[in-house]
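Chain nomenclature is as follows: A, B, C, D, E and F, assigned in order of appearance, with residue numbering initiated at 1 for each chain independently.
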Amino acid sequence: MRLHEAFFEDYQTGDQRVTSGRTMTEADIVLHAGHTGDLYPHHMDEVWCRTQPFGRRMAHGTLVLSIAVGMTAADINPRAMSYGYDRVRFVRPVFIGDTICTTATIRELREEPRRPKHGVVVEAIEVRNQEQQTVLVCDHLYLVEKRSGLA
Amino acid sequence: MRLHEAFFEDYQTGDQRVTSGRTMTEADIVLHAGHTGDLYPHHMDEVWCRTQPFGRRMAHGTLVLSIAVGMTAADINPRAMSYGYDRVRFVRPVFIGDTICTTATIRELREEPRRPKHGVVVEAIEVRNQEQQTVLVCDHLYLVEKRSGLA
Amino acid sequence: MRLHEAFFEDYQTGDQRVTSGRTMTEADIVLHAGHTGDLYPHHMDEVWCRTQPFGRRMAHGTLVLSIAVGMTAADINPRAMSYGYDRVRFVRPVFIGDTICTTATIRELREEPRRPKHGVVVEAIEVRNQEQQTVLVCDHLYLVEKRSGLA
Amino acid sequence: MRLHEAFFEDYQTGDQRVTSGRTMTEADIVLHAGHTGDLYPHHMDEVWCRTQPFGRRMAHGTLVLSIAVGMTAADINPRAMSYGYDRVRFVRPVFIGDTICTTATIRELREEPRRPKHGVVVEAIEVRNQEQQTVLVCDHLYLVEKRSGLA
Amino acid sequence: MRLHEAFFEDYQTGDQRVTSGRTMTEADIVLHAGHTGDLYPHHMDEVWCRTQPFGRRMAHGTLVLSIAVGMTAADINPRAMSYGYDRVRFVRPVFIGDTICTTATIRELREEPRRPKHGVVVEAIEVRNQEQQTVLVCDHLYLVEKRSGLA
Amino acid sequence: MRLHEAFFEDYQTGDQRVTSGRTMTEADIVLHAGHTGDLYPHHMDEVWCRTQPFGRRMAHGTLVLSIAVGMTAADINPRAMSYGYDRVRFVRPVFIGDTICTTATIRELREEPRRPKHGVVVEAIEVRNQEQQTVLVCDHLYLVEKRSGLA
C-alpha cells in the first residue's frame, strides 16, 4: 500500500480500475459468519441448502460487499474517506468456489452543500463472477477534500 | 436461532426491535482488515492515527455495517432473503472500545413490480454507540414471499 | 439475540428445542486447533488419518461441544448462567462435511442446597449428524435465580 | 509435538503434569464467540457487563474448557483417544487479562465393561488463575488400548 | 492491488520504498500462535513474561517477518516469485502496541547460473518500530524472468 | 508443552527430531493472506492460477515457514531464544491438500564473539511433502545461554 494524495479536483468521471480476482472459500463464510454472528442455515447448513432453490451454501451479502470493496483498496489517499453506499443490490448469489473481481468506475463528482470544503466522489462498483455475471452492484461514496478548501 | 416463517403479509410498518450491545474490539478490526485486505493506516497504524483529526484507529465502514446487521439476525425466516441496502451512511466513526447496538424498524412495505409473488420489506437500521450517538444508518431491503403468491 | 427473562420457576421439565443445522468445515478444525493449541494429527494430518481406523480428519471433542452448545444460544436470560456439564460423551466422530444439529430438552429441575436463592436447570443435549446418528450427548447445567429468592 | 505410545497398563494413578500459563485475551473471546455463535452480552458487551455483579466481560465456559484442555496436549499417544468429560464445573469466571494454567492428574484407571480391549483413564483437570484460585475443574476421560488386548 | 509487469532488466539497484505503519496487536499474536502452534509462554503468558528480562509478551519472529514482508506486497508482478530469505535477524523484540514499518531497498541484481532465463533480485528489508529502532533485517530474494529469456 | 531447560553445552550436533504431519488447507491460506495482507492472486485467485504454470493456488512462503517452524515447537527451553534464519529457500510450492512434516537436525554449535555468555545453535530445517519431496529448507539460529556463563 502506498500513499497517493489526491484532492476532489483530481478525480475524473469515467476513470476505471479492475481488481485481480479472489476465490470465495468455505473459510471466508465461516469467518464472516462468526465475525457477524449471522449463522443462518443459508450459509452454514449444507444439508438444508440442498433442499432450497439455490442448492448450495451461499456467501453473506455483507461478506461479498466487504471483500469486493476491500479488493479496491489500493493507494492510500489521506484526503478521502469512505462516506457510505447507495443502492447496494445482491444481484446473484456467490457460492463457495466462485471467483469474483471488482470493477470500480468514477461515476459522478458532486457538491455536498453542507460541507463546502469537500466534494463527494461516487464510485460505481460492479462485482462479477468467473462467468462474467454481475453478482453485486453499488455506489461507493467518498468524501474528499477540495484543494480549493485548504486555508 | 429458531425458524419463524413469515410472509410479506405478516410484516407491519412500525414494528421495531433493539439488539443487545457489542463492544468493538481491536481484534475485530484486525480480523476484518485481514478478511477484506483493507489494511489502511486508518485502521492499522495507531501512530499515524494520532496525527489525524480523529486521533485513534477506527473501525472499517464495512465492519460496522456487517456487525450491526449481523446483530439483527434472530429468527430464521425461510420466506425472506436479503436483497440489498439503500443510503448506507457512516455518520460518526466507531473506535476500539465503543459499544454499539442496533435498532431495526420496519419502515415500508412495497410492491416489486417485476416480482409479483414477492414484496419488499424495508427495515430502517440505526446503529448507536454507548453515548446514544448515531454512528450508522441504512435501509435494509428484504425480498419476502407473499402468501397470496403460493400456488 | 433477544432478552427474555425467565426465573427457575418458569422452566418446565420436558420442554424441548431443536436448532438448525451446521456443517462442520475444515476451517472450523483449523481454527479450533489454533485456538486451543491441540494440533494432534487426528485433526491436522490427512495422510496419517488415512492409515487409521477412522480414515479421515475428525473434529476435536471440545470443538463439537463448543459449536453444539453455541447453537443452543438463543434468547438471553439475564437470570441464568452456565454452571457446568455432566457426562459429556463423544459417541461418534464428526468428520469434515458432516452437518450436525442439537436437540436440547429440559431434563430436570433441582435444588442447589448451598444456593437457596437459585435452582439448577439440567438441559439434556443431544447432537446428531445428517444420518440422524447421535455424535455427542451431555447435560448442560444452568444456575437460575428463583423468583421467590428476590428480596 | 512428539509421538509417545502408551498403553492402558502404562498409566499410573497420581501422575501429574502442570502446563505453562496462558493469558486470556479479548481476541480469544471474540474468536470463540464467532466460532460458536454465542455472542451473549456477558462476553461481548462491556457496557452491559459493567451493570452486572461480575462487572466485566467474561470468557465462555466452553472457551475456558477448550483452552485448558488444549494446554494439556503434549505427546501424541496413538493408543488413546478422548472419550468425554465428567463433572465440568465453572467455579469462578475468567476475565480478560487473567492468566490460567492447568494441572492434570491421573485420578483413576478403570475397566470399561463393554470394551474389554480398552481401559478408561480418568485425568482430573484443575485450572487456576494467576491468584491460584480454581476457575474450572473436570474429569477428562480417555479410552486407551490395553497391551493385553493386542492380538 | 494492481498488475505491474516487470522483468529482471527493469529492476534498479538502490530503488527504495517505505510502507505505511502497522501496530502489532495482542490479536495478531493470538492468531499467529494458533496458526503455527507456537504457544510458547514468551507470546502467551503475561505473568511469566513479567518475570523475564524482556518483561512483556513479544511477537513471534515468524509473525514479525510475515507481517513485515506482507506490508511490502503492492503491485503484482507476474514475472517474479519469492525465492527465499537470507540472513533473517531478529534484532530487537516487537511488543504489543509497537508500530512497525518496512523499508525495502533493491540491494543487488545477480545471475542465477542454473536458471539462465531468470535473475535474482535481492531486496534488503529493514523493519523499524515507532522509535526508529531496527527490529528485523533480512534479504528477500525474488526469482524474476529476464526479458531476454523470452523465446 | 513442557519446560525443559537446556544450556548451550547440552546440545549435540546431529541430534534430530521429526514432527508429525500437517495438511495445508485453504483455510490456512485465507488466514495467512488476511494476517499479512498478501492477497496476491497466486494464493487467492483459483481462476488465474489455472492459467499459470503451477496451475493451482499455492501457500505463501512465509506461511510454509511459519507452520513448519511452529511444528518444531515442543519443549520450552527458557535458556534459548530464536535469533534468526539463514538460507531460507522455497524449493517447491506447497498446494492446498499437501501434507508437510519437518525434520530438524542440530547442524552446528558455534561461538558468538559479541556474546561470550551465549552460543549459537544452528538447527537445519527440512520440510517435505507427502511424496517426500523437499519443499523448504533453512537454518534456524537459536541464541542459547552457556552454563559456564552463569555467575
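The rule is simple: a contact is a pair of C-beta atoms (placed from the backbone, for glycine too) under 8 Å apart; a residue touches a chain by one contact, two chains touch by 3 or more.
Just so we're clear, the structure is a prediction, and the values are computed from it rather than from any experiment.
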Computing the C-alpha centre of each chain, which chain sits at the greatest distance from subunit E? C
So which chain is farthest from subunit A, going by the mean of the CA atoms in each chain? D
Which rotation angle, from 0 to 180°, best lines up the CA atoms of subunit C with subunit F, given as a multiple of 5? 120
Using mean C-alpha positions as chain centres, tell me how far subunit A is from subunit C in Å, no decimals. 37
Please work out the Cα centroid separation of subunit A and subunit E, and write it as a whole number of Å. 29
Which parts of subunit D, given as residue numbers and ranges, touch two or more other chains? 1, 20, 25-28, 30-31, 35, 37, 39-41, 71, 76
Arrangement of touching chains [line / ring / star / complete / other]: complete
Report the residues of subunit D in contact with subunit B in the complex, numbered from low to high. 25-27, 30-31, 37, 39-41, 44-48, 57
What residues on subunit B touch subunit F, complex-wise? 31, 33-35, 37, 39
Subunit C contacts subunit B in the complex at 1-3, 17, 19-20, 71, 74, 76
Residues of subunit D touching subunit E in the complex: 1, 20-23, 25-28, 30-31, 71, 97, 99, 130
For the complex, which residues does subunit E have touching subunit F? 1, 28, 31-32, 35-42, 52, 60-63, 65-67, 69-71, 73, 76, 78, 81-90, 138
